[in-house]
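Structures incoming, each one as structure tokens.
What follows is a pair of complexes built around subunit A, which joins subunit B in one and subunit C in the other.
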Partner chain A sequence: MNIVGVAACTAGIAHTYIAKEKLMKAAQEAGHSIFVETQGTIGTQDNLTEEQIKEADVVVIAADVKINGKNRFKGKKTIEVPTDLVIKSPNKFIKKVEEVVAPA
Partner chain B sequence: MSMLKKMELKKHMMTAISFFLPVVVGAGFLLAIGNILGGQNIEDFSAGFTFADTLTTMGNLGLGLLPMVAATAISFSIADKPGIAPGIIVGMVSSSIGAGFLGGLLGGYIAGYLVQFIKKYVKVPKWMEGLMPTLIIPFLGAALAGLIMFYIIGTPISVFTEYLTAYLGNLNTSSLFLYGVIIGVLSSIDYGGPINKIVFSFVFTLFSEGIYEPITVLILASMVTPFGMTMAYFISKLFRKKIYTKLEVETLKTAFPMGICQITEGCFPIVMNDIIRCVVATGIGGGIGGGLSMLWAADSRIPAGGMFALPTMENPIGFIAALLIGSLATAIALIILKKPVTDAQENKVKEHEEADIDISDLRIS
Partner chain C sequence: MEQLETIDLQKVIKKELITVDLEATTKEGVIYELTDLLYEGGCLTDQEAFIKDVFLREKEGATGLGNGIAIPHGKSGSVLKTRIAVGISKNNISWESLDDKPVNAIILFAVQDSDANTTHILLLQQVAIFLADEDFLERLKNARSEEEVIELFTKNKKRNGEY
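And then the complex of A and B:
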């Protein structure tokens, strides 16, 4: 499954990047392809490309704050969670994502 | 409850904090450096000014904008781009009538939800649709939100803020200590997370009224965790009790310098490995340090910055002493509470149990 994601937290210096790392690791271990964009205080890094978004089966947004560019994901299946959740339970979260996407 | 959850009040608040924090830090440092150099706020630009005056003035201008920044960010978070204009206006009204930061926060929510309401329920004929975003929303949104601030919530908030200011100004020693403990515990137990940020918006309200001690407690509490964890490492060596894995010791090497700048998040990996014991230990240290800091009236004139806030205080010694004692308390608590590291833990690549996911936390669309 192809996943794209966005991570963003309040201070934009730590949780954002931990969330990204955990998401990447958990998804890759489960055999998915994943790209995660970070929207920290420094600005957006690892921007998702149009191509990546087009090919994605699901969009995962791990954010405590309003994210930029949500309209890019119009029409895609989108799952939004706080960063805490993917930091605490990345593998279980990816499982849930699989369950959500599978029936479709 | 589900209705409240859908409104995402917390997320809007967090967005506001992520917007105004850089303003606070930038303006705070300008103000602090300007004040140290003897700068005065410039009242009359035609009379000339010194370099130090420019810094102080920039700092004051920046801090003065905070109610507006908070209102705008909240309104933007709720209603997207159409929320910005009403947010700016209601925020400026709030600072002008003395409702300050608290008024800015509330005004932001009001402006944002008003714009959402207008978008949803105000129906116009087809030929007017183009006028909706260009005329109706900016005008109606700003007018209604501003009027609510002027006639309904502005006065009660400014009265409340004044009352709070007077009350806190007249506290006796034991209640000072108690309030310090409360602020210290609340702002240290979630490591720069949402509780810390909510406490921040509260103590910042007081800061903008000229009460500097509570925000100093928050600065201190954010530093106690990294300082205490580092202290615990050295003290535990004395007692030959190994409380950190090699990986965690590596983490400390970056967590401590971050702590000097009042960033707690560097400790996160260590906390995640042993969350309950760490929270208890940091709460103890944050509480004790906070109580003492309040008691000794450590008073930072900038709202963030860690050690860099030190030169702006009238009682820097009190701050340092409270910081060290608080950190020591965290260190001792950690050493007592934490179990010695076993070889198995050392070799295992953190496979701790993951918490179950509450399906209602997922918002699927």
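And then the complex of A and C:
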């Protein structure tokens, strides 16, 4: 499936980027396509494109703070979790996402 | 994200800011010990002010990532140079962690309050990316010398987006 995501943490220094890496790794290993935008202390990087959002089956938001541009995902299936959860068990989280998107 | 040259990490990771033989056995002690290294290395104007900012961040949530690693960090007006200090310990140090286990490797991020130098932050991101790699974490925890730690960070071939 196609996943788009946003990662953001309180300080915007470390957890944001660790969460992104873990998400990318777990999703790709499970055979999904994924794009993750980071909103950190130096601003937004790897901005999601309209096209990526349009194509996405699901939006995952791994954030400890309010993210910018949430309205972009209006009408999309969206899963919101704290960064900790993604950092701690990324594979389990992707499984959960799979279940939500395509219930068995 | 821009691909970074491996050599660039040497801008934020210095040998004198690393110890593979932490003396402290408590979380607070470790933060003080690593802060001492930063202060002696000329990276801070005020130790106490920096420590205060680090503990402010600690209050907001666990900085133990699991797998025996913790990343306390302070973005503080007392930071002169954005750097990371690394401490490895033979002891298990109690720390609020995602897996509720103690830690053996602590990476303390000292970040300038208004870091005009975006490169520094990009370098810290590169460090954060390494921390998502379990193989890297294992090697870090088992590092025996300061040189080995430097090598791990600067010679790591893994790049953003490659698995």
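Criterion: the second predicted complex is superposed on the first by the 103 of 104 C-alpha atoms of A that agree within 3 Å, B and C clash if a C-alpha of one lies under 4 Å from a C-alpha of the other, contacts with A are read in each partner's own complex, and residues count from 1 in each chain.
What we mean here is this: a residue touches a chain if its C-beta (ideal position, glycine included) is under 8 Å from a C-beta of that chain, and two chains touch if they have at least 3 such contacts.
This one's a predicted model, so the numbers in the text were calculated from it and none came from an experiment.
Novice: Identify whether subunit B and subunit C fit side by side or clash on subunit A in the overlaid structures.
Specialist: clash
Novice: Figure out whether A:1 sits in contact with subunit B (first) or subunit C (second), or with both, or with neither.
Specialist: Touch partners of A:1: none, neither subunit B nor subunit C.
Novice: Considering only touches as defined above, state whether A:22 meets subunit B (first), subunit C (second), both or neither.
Specialist: So A:22 only meets subunit C here.
Novice: Touch check for A:78: first (subunit B), second (subunit C), both, or neither?
Specialist: Only subunit B is touched by A:78; subunit C is not.
Novice: Between subunit B (first) and subunit C (second), which, if any, makes contact with A:11: first, second, both or neither?
Specialist: both
Novice: Is A:45 touching anything from subunit B or subunit C once the two structures are fitted on A? First, second, both or neither.
Specialist: In the superposition, A:45 contacts subunit C only.
Novice: Which of the two partners, first being subunit B and second being subunit C, lies in contact with A:30: first, second, both, or neither?
Specialist: In the superposed model, A:30 contacts neither subunit B nor subunit C.
Novice: In the overlay, answer first, second, both or neither for which of subunit B and subunit C A:100 touches.
Specialist: The answer is first: A:100 touches subunit B but not subunit C.
Novice: Spot which of subunit B and subunit C makes contact with more residues of subunit A, would you?
Specialist: B
Novice: When the two structures are overlaid on chain A, which partner does A:92 contact: first (subunit B), second (subunit C), both, or neither?
Specialist: In the superposed model, A:92 contacts subunit B only, not subunit C.
Novice: Identify the residues of subunit A that lie in both the subunit B contact region and the subunit C contact region.
Specialist: The answer is residues 10-11, 13-15, 18, 41, 64, 84, 87-88 of subunit A.
Novice: So in the complex, the part of subunit A that touches subunit C is made up of which residues?
Specialist: Touch residues, subunit A against subunit C: 10-11, 13-18, 21-22, 24-25, 28-29, 40-42, 45-46, 64, 84, 87-88.
Novice: Which part of subunit B faces subunit A closely enough to touch in the complex?
Specialist: Against subunit A, subunit B makes touches at 10-12, 14-15, 17-18, 21-22, 76-77, 192-194, 197, 263, 265-266, 268-269, 272, 354-357, 359, 361-365.
Novice: Touching residues of subunit A toward subunit B in the complex: what are they?
Specialist: Its residues touching subunit B are 9-15, 18, 41, 63-66, 77-82, 84-85, 87-93, 96, 100.
Novice: Could you please specify the touching residues of subunit C with respect to subunit A in the complex?
Specialist: Touching subunit A from subunit C are residues 1, 57, 60-62, 65-66, 71, 73, 75, 98-99, 109, 111, 118, 121-122, 124-125, 127-129, 131-133, 160-161, 163.
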